[in-house]
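What follows is a set of notes on a single structure, which appears directly below.
Order of writing sets the chain letters: A, B, C and D. Residues in each chain are counted from 1.
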Amino acid sequence: MNTIKIGIIGAGRIGKIHADNLLRMKQVEVVAVSDLFAGPELEAWAAERGIEQVVKDSNVIMANPDIDAVFICSSTDTHVPLIKQAAQAGKHIFCEKPVSMDIKQTEEALEAVRVAGVKLQIGFNRRFDHNFKRVREHVQAGTIGQPHIVKITSRDPNPPHPDYIKVSGGIFMDMMIHDFDMARYVCGSEVEEVYAQGNVLINPVFAEYGDVDTAIVTLKFSNGALGVIDNSRQAVYGYDQRVEVFGSKGSVAVTNDHPNTAEISTAEGIVRDKPLHFFLERYQAAYVEETQMFIDSLLHGKPLPVEGNDGLQAERMALAAKLSSRLGRPVKISEIHELEETLQCQS
Amino acid sequence: MNTIKIGIIGAGRIGKIHADNLLRMKQVEVVAVSDLFAGPELEAWAAERGIEQVVKDSNVIMANPDIDAVFICSSTDTHVPLIKQAAQAGKHIFCEKPVSMDIKQTEEALEAVRVAGVKLQIGFNRRFDHNFKRVREHVQAGTIGQPHIVKITSRDPNPPHPDYIKVSGGIFMDMMIHDFDMARYVCGSEVEEVYAQGNVLINPVFAEYGDVDTAIVTLKFSNGALGVIDNSRQAVYGYDQRVEVFGSKGSVAVTNDHPNTAEISTAEGIVRDKPLHFFLERYQAAYVEETQMFIDSLLHGKPLPVEGNDGLQAERMALAAKLSSRLGRPVKISEIHELEETLQCQS
Amino acid sequence: MNTIKIGIIGAGRIGKIHADNLLRMKQVEVVAVSDLFAGPELEAWAAERGIEQVVKDSNVIMANPDIDAVFICSSTDTHVPLIKQAAQAGKHIFCEKPVSMDIKQTEEALEAVRVAGVKLQIGFNRRFDHNFKRVREHVQAGTIGQPHIVKITSRDPNPPHPDYIKVSGGIFMDMMIHDFDMARYVCGSEVEEVYAQGNVLINPVFAEYGDVDTAIVTLKFSNGALGVIDNSRQAVYGYDQRVEVFGSKGSVAVTNDHPNTAEISTAEGIVRDKPLHFFLERYQAAYVEETQMFIDSLLHGKPLPVEGNDGLQAERMALAAKLSSRLGRPVKISEIHELEETLQCQS
Amino acid sequence: MNTIKIGIIGAGRIGKIHADNLLRMKQVEVVAVSDLFAGPELEAWAAERGIEQVVKDSNVIMANPDIDAVFICSSTDTHVPLIKQAAQAGKHIFCEKPVSMDIKQTEEALEAVRVAGVKLQIGFNRRFDHNFKRVREHVQAGTIGQPHIVKITSRDPNPPHPDYIKVSGGIFMDMMIHDFDMARYVCGSEVEEVYAQGNVLINPVFAEYGDVDTAIVTLKFSNGALGVIDNSRQAVYGYDQRVEVFGSKGSVAVTNDHPNTAEISTAEGIVRDKPLHFFLERYQAAYVEETQMFIDSLLHGKPLPVEGNDGLQAERMALAAKLSSRLGRPVKISEIHELEETLQCQS
């Protein structure tokens, strides 16, 4: 392969970000984009970028033998069938998180990928953030010794629209899934048990959909470490994304990125600007790097930085958290299948 | 009262700190000190300070009608009988934490204090720390709106001696009890439920005594807020004492105190000195202030800053954490009596 | 103008950076590049980017009527003749700093630009840095009141090669010229007098060329404010670029950018990574923005963010500093012409 | 000597601070205090502390053979005669800065001390600050290699009362004298030349007394290092006391102390409290330590931490700055005597 030809499926905000990042890479061509709501606006957007084909039906992309890889950026419920279809068509796949909200379906999708022998990368963009990479590097290098405590704070500046909350899969599957992946990534160990607490403190609309807007989840890792993640759907001071790993030889902690380093000292106090507003600002470079590494893997046979199994493990943790929150007790990852069946029989 | 006459019971490290702080106050006289191991060394120490009486038997202090108030700084198992005795003798009481490791006994001690009409202050010194007071002030003033998430980190630089671990009452009653009080203090709300995770990651000696050296406890507050406390018996970089309260209008966070603000920039990186080493350095001023406020309350009828009930609530949380850790499930404060009885019957 | 056609003169490091930044902009075409040492390597570089013409002789660019604007990135001694030539050819000009090391020649170049009615932007890239822009914004907005003291620190990680030192024009004209512009930019006032101290503390080679490697220059501004700039050719901990403006209502200070926010706490201390290494890392986004604003000015008639006069004023300050250093006394900007003539007569 | 008996001369703010710090030390007795304005208030103050004698006339203290040492805290114009008198009386001396505003008088006072063989410590309290001591330690230990640049910022929260400005001796002798001493202290080298710039930007009253309220002074050290000090009489955000030493192997920088570490994050930005308000708050512990070291020197024969010569050198630098400001040119320390004579003849 000298050039990778890409089809983008789903041209929402994240699909467009990936397209723009890919368009800047040599050896990459974005040849087609599909979107259920494709129209003149998307066509103009594509024309400006020299993307030749704009379609509503993703089957057109799947059927195009020139296309080497697809970026699945459509809604979560479409991920599994699209992964299966792409795998059967022999196309490599970059898929946004989560693969699905149903562990068994995710497992089926991963099996299809395995059988087809294609590559599948999951869109856990935060692994490529300069801060979190540095945490991982120090833990891997042994700087802090054996990890004992992992702390992750992840708060959004604003809650999503109620229409989105309804279909989001809930805070654990939609928002904390990033933090579940982060926990595995920085600790270098699997999680065996989770206990989830949640409450509706920001907007009653979350309760209407059986969801919470504030949550704390504790983790037990296989290597003995303990962990805690806190999530809020609304931090009025902006996107709050911090990680700390504490161990036998010390700790490594990263805090937020700010738009500048300015400190204003006046009679009222010392002030600095709020953190970078949201994920588009904070993870701009991380989005570039994740697509670059996907392309590098296709071009040069390098290992993928995030694999299908990473998506699966994070989903298992999210499901365990959901069950824990519902049952009011800690839930082991090993018991989620059984619990789910029991609960489905009951309801 | 123009002058308060004080008797110190228990002249270990903390008893001596209180004595020295009291000796610097006008309108205070330290007239006697008792210690089971009183001898020439303690007599010299007392003589240097003009403390007239040194005895082994605390009954001498209790029987002295000139003494207005006692500082109970002896071992935890002596607190309850000494509180009762002091109350009956009409003496005001400053008692180190915890009052006891048995909720019922603590309740009895508090009842004796109530009946006698004396004052009882508990030694939760951290409430007087400049950082944590500022957190409390901002939460009380509404700066951060309604509290949603409370996060407390509390790590010691070194584990205690195994002899102490054995009688300490365990990490929840001995160490985290400070953080349980801190949670109530900064959040301004009672805790209804706790879930405790712990592990032995530092030294197997903790396991020998049925204790853990690393723990994460999550909290549910009456006002809906969620909380988390993490404890470690060994942070190699020094005493780590941080608090964050996040709410509807923002957050307030305090970090460690350092011996200086120096930043050294060399070819290797940017370095600063570790935090203040341990509680004697970090809480030096807090110890002065807690005794000052106790004396002010006696002299001027001001309300006590920490009351017997504060000691009781923290002990209830510690017991709930201990039970949670043993049962592997969340425990409500309201069920600790029943659970304890059940567990005692079983064993 | 719908598209701006650009010719790059001088394809060293900075010429290539500008080319790459321009190539990413819509409505911009880089049509030609000239370099005295053009050869197969540069041709390959250009081919990869779709730049059609690669020549040794800049006259080819000047003679091309399709070219709207030139980027002068060749050695400083060529700037003035190239500016004059481009102006006469009716081409807009982006010129790297300094315009020249001879005030009269710079004045002649500016006059040629004025007569021709073309636009000339000087490459003071630091004005576009997120931190320094924030300082300027706060000073302009009155946040800190009337400026009283301006402090600028600017230290390179490594000294340049001796060959470069020889032709650099000295620390004031080559390195501190950026800081002279910064002083005017953040203070919003002209400088009337400078006093320069310098010493050779890093490498004796600087003395061989009549140069210094360490310098402190103080400034008197027209608005009454005082200023100080310190320069070092070698900060072993990396590129050190800080600015502080102190005024009647407070101060605004910016410090360095770091590659991440990680803090490592170990038994040895608290460590963080060194600042971003050098100007390519620190000013990456600033380089993009300065070319974007130049293009915007051409396309939409917006005012230029840095004009020829800004180049001239900074050169006057640099010359005054050079004279001050030589004479061992403060030098007014208004006396530099006379002093220079006197000194030239003497030598 | 088993106990040091002290007489305090001058019971203003600083005299009282020293008295209170001395009263807390074992082996120290404050036996008398003199003040021109002694009256019932001072007598009450002394009585409360058990200081037996309160007089108006300092001769009473000088004549008391029981007194081992005096603290000279009266107005600057009285320092030299009091030092001479105390020296002749064989008493050790702690004298507030500056010794005098006249170099020759200071030299005479030092000679009297030398002849009498008594000890004289100057009140440069900032040397005992935890931050500045750490800077000095690192420079002495070679952490930053050879010093190249010394930067000192020193700004007061509020200007003094006009009555004080009138007799203060001017910003260089009254305020910057601390920074002149700091420069020598942290750099470990003498200063050979100074250049002073000043302006009246805060209050025209300074101009009435021939003084300035804002000043920048540059320094040349014997070891080749360059230095800069900036002073302002009014930093609205509070007491600003920072030092940085940059050298061949890196830099050490200290910033201000704050009353707490709290960071408040709201929709408006990230805020922290202003620095400790003024010298009483910032240098509280430093005042204790300077008196402790004076007493230790008397009791145990340890070397004094600040000697008469330190006072003299700082006064020479202050005088050079004053002359530089007046003459508009750099002034060498070696030429101040001659310059002063010349200027006195002229006026």
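Criterion: contacts are C-beta pairs under 8 Å (C-beta built on N, C-alpha and C of every residue); 3 or more make two chains touch, one makes a residue touch a chain.
Computed from a prediction, not measured in an experiment: that's the story for all the values here.
K.L.:
With chain centres defined as mean CA positions, report which chain is farthest from chain D.
P.N.:
Chain centre farthest from chain D's centre: A.
K.L.:
Name the chain pair with more contacting C-beta pairs, choosing from C-D and B-C.
P.N.:
C-D
K.L.:
For chain A versus chain C, what separation do you get between their C-alpha means, in angstrom?
P.N.:
Each chain's C-alpha centroid was found; their separation is 42 Å.
K.L.:
With chain centres defined as C-alpha means, what is the inter-centre distance between chain C and chain D in Å?
P.N.:
Spacing between the chain centres: roughly 42 Å.
K.L.:
I'd like the Å distance between the centres of chain B and chain C, where a centre is the mean of that chain's Cα atoms.
P.N.:
Taking the mean C-alpha position of each chain, the two centres sit 59 Å apart.
K.L.:
Mind pulling the chain B residues that touch 2 or more other chains?
P.N.:
235-237, 249-251, 265-267, 273
K.L.:
So in the complex, the part of chain A that touches chain C is made up of which residues?
P.N.:
24, 26, 48, 130-131, 133-135, 138, 143-144, 249-257, 259-267, 273
K.L.:
Which residues of chain C touch chain B in the complex?
P.N.:
235-238, 265-274
K.L.:
Which bits of chain C are touching chain D when the two form their complex?
P.N.:
146, 148-149, 151, 153, 155, 195, 197-199, 201-202, 214-216, 218, 220, 224-228, 230, 232, 234-237, 240, 246, 248-251, 328-330
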